[in-house]
Amino acid sequence: SMLDETLLFKWMTEFDHQIQTDKAYLSGLDAEIGDGDHGDNMARGMSAVMHTFKTPNQSVAEQLKAIAFALISKVGGAAGPLYGSAFLRMSKAAVDTQQLDQLIQIGADAIADRGGANFGDKTMLDVWAYVPAMLEHHTLSSAGLAQLAAHTKPMQAKKGRASYLGERSVGHLDPGAVSSQELFQALLKAQSA
Amino acid sequence: SMLDETLLFKWMTEFDHQIQTDKAYLSGLDAEIGDGDHGDNMARGMSAVMHTFKTPNQSVAEQLKAIAFALISKVGGAAGPLYGSAFLRMSKAAVDTQQLDQLIQIGADAIADRGGANFGDKTMLDVWAYVPAMLEHHTLSSAGLAQLAAHTKPMQAKKGRASYLGERSVGHLDPGAVSSQELFQALLKAQSA
Amino acid sequence: MKKIINAVADIVPEMVSGLVKSYPQLVAQLPNTQAIGRRDAAFKAGHQVGLVSGGGSGHEPLHLGYVGLGMLSAAVAGQINTSPTPDQIYAAIRYADHGAGVLLIVKNYAGDVMNFAMAQELAEYDDIQVKAITVDDDVAFDATDTQGRRGVAGTILVEKICGAAAEAGASLDELAALGQAVIDHTKTIGIALTAATVPGVDHPGFELQADEMEYGVGIHNERGYATEKMAPSATIAAHLEDKILGNFDLQTTDEFAVVVNGLGATPLMEQYVFANDVLADLAKRDVKVTFTKVGNLVTAIDMHGVSLTLCQLQDNWHTLLNAPANTIAW
Amino acid sequence: MKKIINAVADIVPEMVSGLVKSYPQLVAQLPNTQAIGRRDAAFKAGHQVGLVSGGGSGHEPLHLGYVGLGMLSAAVAGQINTSPTPDQIYAAIRYADHGAGVLLIVKNYAGDVMNFAMAQELAEYDDIQVKAITVDDDVAFDATDTQGRRGVAGTILVEKICGAAAEAGASLDELAALGQAVIDHTKTIGIALTAATVPGVDHPGFELQADEMEYGVGIHNERGYATEKMAPSATIAAHLEDKILGNFDLQTTDEFAVVVNGLGATPLMEQYVFANDVLADLAKRDVKVTFTKVGNLVTAIDMHGVSLTLCQLQDNWHTLLNAPANTIAW
C-alpha cells in the first residue's frame, strides 16, 4: 500500500494520541531498565510533529522531512536520533516511492545504521525490522506487533542504557520496542479509519 | 578553706569521673539548645587535665596553670576558653592566696570578663557567680548547686548558641551550668573524702 | 546516616591531611596543628599583613579552601561545629606574621570569639601586632538579646576583599577598617529543606516534613525563624531578598555582589535555578548586581538548602573581588 | 524529595539562564539554545580549534562550568539525563569554529553518540571540519556485550588537557589524537550510599538500605556491580584502586593524576577524608601522584557518593593540566 498525505496525517494523529495516553507507561518501562524518560521524550517529540502539519500543502517527502526534524530536535536521548534518522531517510526516499513497505524498510535500515544494533539486541529495531515483510505480505496486525515487542522481554540488552544492566535487563519489555509497536498499530488504525 | 595539691588532685579526679560518666547526658542537654557537644568537649578536656598530674611536685599555682592550658587547648568551643580562663586567672592568684572562696571568685570574674555574660543570661556564670559566697558562709551543698543549675531552666539565653533560639531556649537546663554544678559538687566530695 | 569516613574522631585530622596531600603546591600543614598555611612564592617573599581565619569544621571549603594567594595566609580547622583552640590559632598567627601584623577574621560565635581573643593575647605577648574583626552577616534574627548576629557565607567576601587588599600592601589598620566596612555592608539569610546530620549522630539536627522548609537556618543546624510549606524557588528568592534588602540603607547608585551558596547537599542545578530567580528578581527591583558567585562555598555538613548574600559594594571592592586569587576553592 | 526549583520542565532552561546571568564575563548563551559559549578576548581574537562538549543535564558543573579560556569553547545542556539534540549541538559547533575545525568530546552513551554524530554531519555539510572522540573511562563493567564503557568523571581531564593544547595552537588532528590518548589512559569507578532522585520522581532511582552501599554506579543512577555492607572510607579507597589499577598497563616510571569527585550530595569533608585514604594508599603502593583534584566536578544530581579517577600521565599532560584555565568550575 501507499503512503499519501492523508494517511500520513491520520497515522501521526493516531500515534500522537497513543503516545500522549501512554506517556507514563512508556517512561515507567524505561525506569525499569533505562532512565525513565522514554514516554516523556516521545510525547515532547510528537507534540512537535503535530505542529508540522500546520504548514499546508506539503508533499509526503516534505512532510516526512518536517516530521524527522521535529523528532530530531525535540525527542533527544537515543530515541530522537533513531526515530529521526528513520523519518529523514524515508523522506529522501519518498521523492521516488510512496510504497509503504519499502519506506519502512528504509527507515529500519536507517535505525540500524545510526544505532549499530543487531536483531535481538533488545531495541526498537526488533520491531522495525519485521514490519516491512509483514506489510508486504499483508500479515501486519495489532496482535502481531504486540508479539514483536513482547519478544524483547526475555532478551538481554546489548545496546542503549539497558545494556549496562547486563542480565538484569532480562524480563523487561524494551520501551523503544513498545513505542515502535504503537507507531505501527497507529498505522493500522489510520489505514482502516 | 584552702586549696592544696592534694585537694586539687582529688577535686579534679572526682570531676573527671563525673564528666566521663555524664558525657552523653551533657551533650544531650546541649543538643536541646546548642550544638550537642558540651559533654564531649568537657570529657576531652578532663582527660587532658588528668594527664597534667603526671608531672610530679607541682605547686598549686603550677598545677592550676597546667589544668588551664589543658582545658584551653583541648575543650574548644565556648566552654574551653571560659573554663580555661577561670583556671588561668586562678593559677595567677594562687601564687599569693590559696583561699578557696577567693580563688573561685577570681575564676568567676574571669568567666564574666571572657564571655561578657550577665547573671541570668543562662550560662555557667549562673552557677559560678554564687559559689564564692556559699563557700565563704559554709552553705555550699550538693542540693544547693543542683538548684543553681535548675534556675537556668526558666531563663531565656542571652549568650552562647542557645541565645539564637530566643524564647525557644526557655524550659531547658543550660549545659555549661550543669557541668559547673558538677565541678563544685566534685569539690564537695573531694573535701569530704 | 551513612558517611564516607573512617572513625568519627578522625574526620577532621584526615580531612585536613587529605586536603594538604591533594594540593601540596598551594598549602602546607603547620606542624602539630589542624592549621594550614599558604606556601606560594609571593607569600614566602612578601611582607604583606597576614590574614588568619578558622572555625569549627563542617563548613568546607570554608576556611581551608580559601588559603592562598590573594586570600588567607593561614586557616585553622576546629572539631566539627567547635571552635579551634587558642594554641592552634596562635600557631597560625605566628606562621602568617611577616612583621606587618595579622588580621583575624572571626565568625561571631561565642566559642570562636573567645578562642581567637585568647590567641590574640598570646600573640601580643610575643609582640605580634594583631587585630580581629568579627563577621556577623546573618540577618535572620535581630541582634538584640543574643550573642549578636551569626557569621555565615558573607565571610568569604570579607576574606576575598581583605585578601586582595593585603596582597596589594594595605596596612593592618587599613585592613581592619576595610574588613569591618565589608561586614557592615554584607547581609545573608539561609533556608533549609533538610537539616544536617552531624557525624556520629544518626539523624538530622531537626525534623522537617516532606513538604516543609525552614527559613533563617544557621550553618550549625540552628533552626530559623519560620517553618513553612515548601515554596517554589522564585518565591523563596523574593522572600529572602525582601528580608535582606530591608537591612540595607539603599542608594540609587548602589552596586551589589551576590553570593548564592549551597549548604552541602544541594545540587548545583538547584543553586543555579535559585540564582536565576534571584538575579531576575533583583533586576526587576532595579537592584544592580555587578558580581555573582554560585556554589558550595560555606556549607553546613550535608544540609540541603541555600543561603543568599548581598554585599553593597563600596570604593574599589569590585576590583578587589575580581583580583587574582589562587586558592583551592575561590 | 524536596528540590529548590520552580516547574520541573523549566529546570534546565532556568539553570542555564542562572549560570549565564551569574558569570556574564565568562560565558554567553547562544540564541534559541541551551548552549553556552566562551566570550573571553582570547577566544574572540583566536584561531584555535574549537572544543565542544555537552550531554544530559544533572552532572553540573559538567559541562557548562568548564567553558572558558583553556577548556571548552562551547557546551550544550540537554534535558536531565537526556542528550541534547543535534540542532543545539550544531549551533555550538558553529559558534566554536574559527576555521580551524572543532573537536567534539562525547561521553559514551547511545543518545549522546548519535546526537553528536548527527550534529557532526550537519556541520560537515557546512564544510566545518569536525572530529569526535568518545570518552569511556568507567571501568566498573567490562566493555563486552554493552554499549561500551560509560563516560564519567574522567571527561574533565580530557576537556582540560585538550583545552590547554588547543589554546596553545594544536591542530584538530593533533587534538583528536591527544584526546583519544587521554581517554585510553584514564579510568574511573564510582560508588554510592544513596541513589539520586530525578526531579519529578519522588524517590531515589534505586533503594539502598541504611547500612548498604553500591559499587560501580553510573552518573545516571545506573546500579553498579555489587551491593555491599557500608565500609570505611579506607576500605572503599583500596577496593576502587585495586579495580582501577588492574585496568592499567603499569610502568615503574608512571606518574598519575587523581580526581576524587563528589556525586552531588556528598560533603567536601567526606571527599577529603576519602582523598586522604586514596593518596595514602597509593603512596604505600609506590604509585606516584603528581596532580590531584577534589570536589563536585561531575555529579549525578543529588547522589551521595564519590568516584575515583586515575589518569596515567604521558608526555606534557602534567603541564597541560596545570596550564591556566578561566572557567566557572575548573
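When the chains are written out, they are named A, B, C and D in that same order, and each has its own residue count from 1.
As a convention for this text, a residue touches a chain if its C-beta (ideal position, glycine included) is under 8 Å from a C-beta of that chain, and two chains touch if they have at least 3 such contacts.
Fair warning: this is a prediction, and the values are worked out from it, not measured in the lab.
Enquirer: How many angstrom between the C-alpha centroids of chain D and chain C?
Expert: Chain centres of chain C and chain D, defined by C-alpha means, are spaced 28 Å apart.
Enquirer: Between chain B and chain D, what is the separation of their C-alpha centroids in Å?
Expert: Roughly 54 Å, centre to centre.
Enquirer: How many angstrom lie between the CA centroids of chain A and chain D, rounded to a whole number?
Expert: 31
Enquirer: If a residue has to touch 2 or more other chains to count, which residues of chain A qualify?
Expert: As it turns out, chain A has no residue touching two or more other chains.
Enquirer: Mapping chain-to-chain touches, which pattern fits: line, ring, star, complete or other?
Expert: Graph shape, chains as nodes and touching pairs as edges: a line.
Enquirer: Looking at the whole structure, which two-chain pairs count as touching?
Expert: Once each pair is checked, the touching ones are A-D, B-C, C-D.
Enquirer: So in the complex, which bits of chain A are touching chain D?
Expert: Answer in residue numbers: 31, 35-37, 41, 69, 72-82, 84-85, 114-115, 156, 158-161, 163-166, 168.
Enquirer: Enumerate the contact residues on chain C facing chain B in the complex.
Expert: So the residues of chain C touching chain B come out as 56, 78-79, 81-88, 109-111, 114-115, 117-118, 141, 145-147, 150, 198, 201, 205, 218, 220-223.
Enquirer: For the complex, which residues does chain C have touching chain D?
Expert: Per the touch definition, chain C meets chain D at residues 2-6, 10-11, 14-19, 21-23, 57-58, 60-61, 65, 193-194, 210-211, 213, 230, 232-234, 236, 258, 260, 264-277, 279-280, 292-294, 296, 299, 301-302, 304-306.
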